[in-house]
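What follows are several structures.
One chain, chain A, appears in both complexes that follow, with chain B as partner in the first and chain C in the second.
Entry: the complex of A and B
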């Protein structure tokens, strides 16, 4: 795990340069300038855009300001997806900075979850952590932790504190020496083009013969049609890196 | 509770129970259907029903009404006025569309209830509005029930916002009920058991005839239940 620490740091500190522009139909008292921000890949839009909101509120009347939501080229952006995922899914082929449109009206009820406070983001984040541990450890590790440990995970994310976060998260990434790995690998495969938002299935890290499964094995098992050579040109990315179908061990890099 | 096994529900078993459930629903025209996802063959139970609800208009408008009955009401309240106006209380009836889905969680190995409601014009109800329509006797259960919270989440197959009863403590209450029913050697449909407990809390009721399903199944010699470990 110590060898991987550089990779863990690179993932944690990944940033996407973004330009926020107010939607043209929003009613303003003065012209709204765009706002530039480096967004952390591993965080959530509504957690890191307080400054964006304040910037645009300055040129708007209080009564025109409702729940903020974000859109890219007509697609409402799901704040509950990590920022890096949103970028890879919708904008990976376009030039930087990433151009996001900011809205305060006409909240798209059919597309987006509401996010009335930071508590909602925390609850969502912790639910993901818990579900991942249900898969990795039958929830034993997360349930044995104290509330303050859970809080430290969240505060680490919220305040961008790598060491604080990983002091707790490393326990969620360990397994007893007698086991060769987690019970199941927590993963999701997202596609922008389907109604179904993601594919998630039970997948063991060790094959019946005792050898370790590779990422290629997982993809073949979970979306066989995509891995077919005749199957067309679907490409797989993680953290904006194209994955080749080769035999690398599955790295549990993501916090989940 | 000591000595109880964990009764995790395998996905194959989930589908079998759902199949039984659908059959009975069709017999009594209870409106449940099985929907499949064409890509991966995942499926879920689905039910949509409409309810007409008496609704009092918000307090500020209510005051205007009771002061002067002749005062014209705002446009949205003009339709569906009933005789209670005479007593100085204004009410409108509204049609609400409820949707309930039962999905399988492979992470927790339990069924999960997803639900949402909206008015006919598409405006969704908030969780508070849904809870207000739940019968008073179930309001207490909301506080004490074997669930952590109801939260808004993305439906894993449709990608749209739904309310969800969090599944991580389902196993606790199911375990205690399943153990006692096995003492009497009864086939128990996990879905019926679970849904009849959690459903009413969110406005979903199962007619009593579902309970007879266990009775019919007892006569089948090939449906012996075994604890799942």
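Entry: the complex of A and C
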């Protein structure tokens, strides 16, 4: 794992240049300038956009401001998906900066979860970590940690502190020497071409013969139609959040 | 394996709670039949899961934590694509909780799944003995 430290750092510090524009139907007292921000791939929209909210609130009346939500080309952006995943899924083909529209009205209840406070984000983040560890270690590692260790994971993410985060996360990425890997690999496959949320199944890191499973093995096993070559180009993105934040290996497939 | 059915409309209500639950289930087995559940059309992309699986519905066993009211019917056959939120909404009605009251759901007594998570996926990863066991509580039990 220490050999991969450069990779881990690259993943952690990945950024997407983004331009936030206020939705034209929002009522403002004067013109709203767009707001530019470098978004961390591994974080969540509602965690890193306080400045965006403040910027647009300055030109709006208090009573016009409700819960903020974000949209890209008509698609509400799920704040509980990592930012990098949202970009790869919806906007990877377009030129940078990524153009996101900001709303304060007409919250799309059917598409988005509410996010009334940072506590909601923390709860979601920790639930992801716990779910991943349930797959990797039958929850043993996460349950053996103290509350302050859990808090350190969250604070590391919230404050963009790589070392602080990884001091705890490395334990979630280890396995006993007598085992050759995790119990199951935590992964999710998102596809741009379907309405289904994601594919998540049990998948062991080691095959029955003792050899390590490859990514190709995983895809063939859980997503066979995507590896079917129908003459289409299979584009495959590794969001690589895995190791970074919620210890999921998250990939998505974009079949063209 | 014992056949698990959705709760039928009771012929003779035994308690006030039961009869009201019965009245509220005119759609016949509220969990699976609500209008907003639209199964994916056959052959559409992303039905890899459906193709290989025998079960259209997942057997869910609901267990109360602490002094949370106990569901009179604990076993439910739930469609794969039902979300946790949808299940919570149903349980709150069934338990006659107010909209403002919260209900927390836990898998493996260790994590709270996201409200938009599908029952089918949770069963794939965390089911055992042919069913998915979910614990529920009005307060946060496992954080």
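The working rule: the second predicted complex is superposed on the first by the 235 of 256 C-alpha atoms of A that agree within 3 Å, B and C clash if a C-alpha of one lies under 4 Å from a C-alpha of the other, contacts with A are read in each partner's own complex, and residues count from 1 in each chain.
Heads up, the rule we're going with is that contacts are C-beta pairs under 8 Å (C-beta built on N, C-alpha and C of every residue); 3 or more make two chains touch, one makes a residue touch a chain.
The structure presented is a predicted model; accordingly, all values stated were derived computationally and were not measured.
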item	value
Fit or clash between chain C and chain B when superposed on chain A	clash
Contacts of A:193 with chain B and chain C, given as first, second, both or neither	second
Which of chain B and chain C A:224 touches, first, second, both or neither	second
First (chain B), second (chain C), both or neither touched by A:126	second
Partner chain(s) touched by A:15 [first = chain B, second = chain C, both, neither]	neither
Touched partner set for A:113, first chain B, second chain C, both or neither	both
First (chain B), second (chain C), both or neither touched by A:201	both
Partner chain in contact with A:139 - chain B first, chain C second, else both or neither	both
Doubly contacted residues of chain A, that is, touched by chain B and again by chain C	80, 113, 123-124, 127, 130-131, 134-135, 139, 194-202
Of chain B, residues touching chain A in the complex	37, 39-40, 106-108, 122-124, 149, 151-154, 156-161, 166, 168
Chain A - residues contacting chain B, complex	78, 80, 109-114, 123-124, 127, 130-131, 134-135, 139, 186, 194-202
Residue ranges of chain C in contact with chain A within the complex	40, 44-46, 48-49, 107-108, 110-118, 121, 124-126, 143
In the complex with chain C, residue positions of chain A that touch it	80, 113, 123-124, 126-127, 130-131, 134-135, 139, 142-143, 184, 191, 193-202, 222-225
